[in-house]
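In the two assemblies presented below, subunit A is common to both, partnered first by subunit B and then by subunit C.
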Partner chain A sequence: MQRKMKMVRIYIMGKEYRVPEGLTIMKAMEYAGYRYIRGAGCRAGFCGACATVYRKEGDYKLYADLACQTTVEDGMYLVQLPFTPANKAIYDLEKIKADDKTLVNFYPEIARCVSCNTCTKACPQELDVMDYIQASLRGDIAKAAELSFDCIQCGLCALRCPAEIVHYHVAQLARRLYGKYLAPKAKHLEKRVKEIEEGKFDAELKKMMKKSIEELRKMYNARDIEPEEEMPTESD
Partner chain B sequence: MQLANIQGEKMEIAYYPGCTLKTNAKEFEESTIEAFKKLGIELKELNKWYCCGTVYSLATDNLMYRLAAIRNLIKVKEEGYDKVVTLCSICYNTLKQANLMAQQDEEAMYKINSFMDEEPDYHGEVEVLHPLEILKGMEEKIKENVVKPLNKKYAVYYGCLLLRPKEVAIDEYENPSVMEKLVEMLGGSVVNFPFKNECCGAYNVVSDREAVVERCYRIVGNARKNGADAIVTSCPLCHFNLSEMQKEIKKTDFVGLPIYYFSQLMVEAFGGRKCKEK
Partner chain C sequence: MYPKEMEKSIRKVEATREERLHKLPERMSEKERQEVLQKWHPDYKPEAKRKLKIGVSKGSIVPHEVADLIEAYPLIKPEEIDLSQVDYDVDVLIIGGGGAGTAAALFAYYNGIKPENILIATKLRHGDANTMMAQGGIQAADKENDSPIIHYLDVIGGGHFANKPELVAKLVMDAPSIIKWHEELGIMYDKKEDGEMITIHGGGTSRKRMHSAKDYTGMEIMRVLRDEARNIGIPVLEFSPAIELLQDDDGKVAGALLYNLETEQYYVAKAKATILATGGFGRLHIQGFPTTNHYGATFDGAVMAYRLGARLRDMDSVQYHPTGVAYPEQIVGLLVTEKVRSLGAQPVNADGEQFVHPLEARDVEAAALIRECYGRKKGVVTPTGMQGIWLDSPMIDIIHGEGTIEKRLGAMFRMFNRFGIDMREEPILVFPTLHYQNGGIEIDAEARVLGKNNVIQGLFAAGEVEGGVHGKNRLMGNSLLDTQVFGKIAGINSAKYAKKAKIGKLSLKHVNRYIEELRKAKIKEERKAPIIFPDYRGEQVLSRAIDIL
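Showing the complex of A and B:
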């Protein structure tokens, strides 16, 4: 016998719906009849397309999250935010320098941060958003890049900020500068690319291409698996 | 100042840098840390700190601008310290004034503590110090460390933010003498300098550069007329205005002076790196 589904009340843009308990906000909205044209992507918490804000009954807090990762609760007030208007600085990464003024020059509004921490509270990735903005302000590009590494650019920080900062764009510039100018170069990669270009592996590849699927399968199953290693850095 | 009693033993104190010490005033940070190490005081940079909020945070009618200063003081407490030292005059002034508010204004602190509901409540438990306050009681230790006494004449320049409002003054607010005493302990001589607590023009350098160039002309010119070889200061913004605006003075009778942080003189007298001759 089929178990009776428990239903919860939710309010989508003010209108009441009853949806099965346990659904994500995204699925609950689809259950209620909404169809996503924008504001849905990977449905697995990686792409950052489905930013959502909600309140709960009897709770003053405004919550921010990803609709595909958050389960509905009885009495939730919901709306989707499929897009964040946020200006992007224009730069040519080849032509700019990574110094302690670069980030504040491209995004001068970061100097308006009053350390209210609202951005951090809004981040569904639980990043220290305010901390990376503060690191950017003092010119610490490496720190800003490190702290923002898991950003999925959902835009909720920028929507909640009273200083109107566009955090995720600042962070992206920091990571680009870090990757291009500050991170130690991966020497082993350079070496391997050179070996490939010199044709070191060509003969072996050609040999493999002549083998049957059966033989390849056997080889695959018998392969050596390299132990995981620490990435070598410039100082090594 | 209880820190005077630490003669001989090592101590650690929380250090709040502020953004300028990491960008335009790196030499102020380096020299202060080095000089204090010689005196047995380790300045330990806080793991987490935020822009102090600069002059905006001094607006008494907007608590939002006070959040940064209070949050920094909470970090000091959270990291296990009861004192914090900060070098920049603006950071010092904003942190000190915010701390006074935390101690005195219950209503404001109720709002701030409620707003910052992710942080523990704060009521002014931390003591905010400027390095010059710490040095006040360390005469013996300072003299002990002098190996290359300074042999020049200095005009000592305080600017405004270490002295005003008087509730946060590091010394006698009308006629301070802490920096003069320090320079003399280091072997230098001090010239009479009536402009020592004049305003350098501060942030007006952004909106009215000419006005600040004019201030610089008067302040530096007066120091030279009084026989100084250099000006000693403790504020990164005064340092910037006095040294950078000199370059824009067009009057032909003007001859510039080098501007040093007091900590750079300490390092020099303690046998470390010599101050650059202009």
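Showing the complex of A and C:
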């Protein structure tokens, strides 16, 4: 079976291996004999553990991608990045304010951004990284939170930045400030928490817990189900 | 970009779309549910399981892959380990750096344990866990038409009435306060302009109580909890899984033996209280299924706890998520969140016909998909010979308006788009995939691990490693909730316990006892556990590998 597969050449840290075409970089490296300790996490594009940089033969560009979400190509020279050194600001979210200076106070280096857009080009999530750094600099926390929401914190932006900004940490602070201070609070949630604390459901829950499987089964099969149709909402 | 044969089938899906927009198949009756499960769900194949030969839960029926690890020898020889030199001496040791472990660490801190007296030891990086990958959402009964009682009934019914009632009670009653805590930490849940949570259905829910943060819900929770743990200064030892638990001379759990994967040395981590938050077993590939799970999900915690006398429960049931990717090959088995169906995408067969309600409980939905492919032969065949069912994703934007997929299913859209499939325009192909360990080590409502007839002193568990919360089938949105609720409870109770506990001399006697038991049962010394990672190296390499360094 394996012999029939069409093979491609890849260079893992400069060493040539032949691997079946169509594999992801991650699976190709395993096929070649690597067993990951670092460099593999969720294997599905959510954790940012497998940041990889590569060049292709005859192409000057340096590419950046996730090993688990990128298919190998013939003539790919690649290396995975095991770690990104990056300093995170330490803060007590309860004690800081969400004003237009907060982000730049914690991460003054964002003022060094030269708008070169290298971070955006390096982002495997294709986020507008430079735009959220610019928004952070302007103090637009909501914009920075929104634009950075899909960030998987792989660190590729920070490694490529000539201004030595640690974009993903800036974004983390922006999102937490937004979530805590700028997003409207869920009033129904507060109400329910209070009802539970006051013991509103205690007696009924106790009764439920004592019910036999037969009684529960009956209730379950007869339970009413909120209609499926979800009204389109304007705000999301 | 699909191959031609698949494109032909897509034309049929498109042809029935308009009609399908206005009707849904009936939900199954209980009898129909039982029938499809019995005949088509992988759990109901007796040949895929066997009885455990040793230990507290001897005689319980579990998948072979699980039994293989329970009936395996330890990685260490206890007599070769020097326990007199303690490398870490803490109040609370947390094994596992995912959602449950991190929540536990934060609540231990809130309850008076100083950060430097907490240690999180984890196999990969802090946050590398299934929590990070949970897309669809987290359940909490916080709307006017809902209540914890209704949530309770959904959980118990979904779990086939096998759940442990006191655990379900904790799960549903604590859910709203967990969401509130998250809100205070700055987690960005999807909300309407007035702050109302946008909530939708999941399979088996009777109310719309699925809270989400786009389709990155788990990632958003995980990265915020991790950020908070870092702000507080809770120490984390990465790439250092536990390979055995430790006891003291009167049998209390007293920490763990950790293993530095990079230097290959062990560390003795002594602790007054120990929390297992090691997650589940997806990477055991039960019955050869592909999995949605992260790289380190190898059942380690349960293996270690079992050697110490922890009871297992509901390990006969495995959750296969109805919708794993079936095409393209590069991402086969990865999760297509249930939210895709919650938002209106219907499963349809190769002829574009509906055959099941999109939101049956997961086991029923999965069994129905398998039946459609292998029983009724109406699956779509991929170029590698895999079978799949269409999930008619373009319906989502038709129902909710253009842009919905990109906005609310950004992760899904991105994943398929990377491989040349635009799920706004064309349906996506799915097949059930190994998703969740429904059972696990048994705990009580205080998150204490239970032995044969008693509480195992000093040992707590939270998240996928423990069983009983979900019975025989977990509903969408209750696993993230489980990690948070039981992480919180384990954190609080471990802090209380640690304040009083006194640890005696460290010991690995229980490991010796287990080895004796293995030998008595005539189990050959050919398997070792925990396995830490699966081995995906190519066969040609493995056949020529030698171990000389």
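General remarks:
The rule is simple: the second predicted complex is superposed on the first by the 194 of 236 C-alpha atoms of A that agree within 3 Å, B and C clash if a C-alpha of one lies under 4 Å from a C-alpha of the other, contacts with A are read in each partner's own complex, and residues count from 1 in each chain.
Definition applied: a contact is a pair of C-beta atoms (placed from the backbone, for glycine too) under 8 Å apart; a residue touches a chain by one contact, two chains touch by 3 or more.
Small disclaimer: the values here were computed from a predicted structure and weren't measured.
By the touch criterion defined above, A:Thr70 lies against subunit C but remains apart from subunit B after alignment on the C-alpha atoms of chain A.
Within the superposed three-chain model, A:Tyr178 lies in touch with subunit C and out of touch with subunit B [touch as defined at top].
In the superposed model, A:Asp131 lies in contact with subunit B only, and not with subunit C.
Of the two partner chains, subunit C is the only one that A:His188 touches; subunit B does not reach it.
The wider contact with subunit A, measured as residues touched, comes from C rather than the other of subunit B and subunit C.
In the superposition on chain A, A:Tyr31 makes contact with subunit C only, while subunit B stays out of contact range.
When the shared chain is aligned, no partner comes close enough to touch A:Thr84: not subunit B, not subunit C. On subunit A, the patch touched by subunit B and the patch touched by subunit C do not overlap at any residue. Taken together, the subunit A residues at the contact with subunit C in this complex read 2, 22-24, 27, 30-38, 40-47, 49, 69-71, 88, 90-93, 125-126, 145, 149-150, 152-153, 172, 175-181, 183-190, 192-193, 196, 201, 204-205, 208-209, 213, 216-217, 219-221, 223-226, 228, 230, 232-236. Interface residues of subunit B, counted against subunit A in their complex, comprise 19, 22-23, 48-51, 53, 56, 64-65, 67-68, 71-72, 115-116, 118.
Interface of subunit C with subunit A (complex): residues 24, 30, 124-125, 127-128, 130, 132-133, 140-145, 147-150, 152-154, 156-157, 161, 165-166, 169, 173, 176-177, 179-180, 183-198, 200-201, 206-208, 213-214, 216, 218-220, 223-224, 227-228, 230-231, 233, 239, 261-262, 292, 294-295, 329-331, 334-335, 342-344, 359, 399-401, 404, 407-408, 410-411, 414-415, 418-419, 533, 535-541, 545. Remark: subunit A residues 100-101, 111, 113-117, 121, 130-131, 134, 137-140, 162 touch subunit B in the complex.
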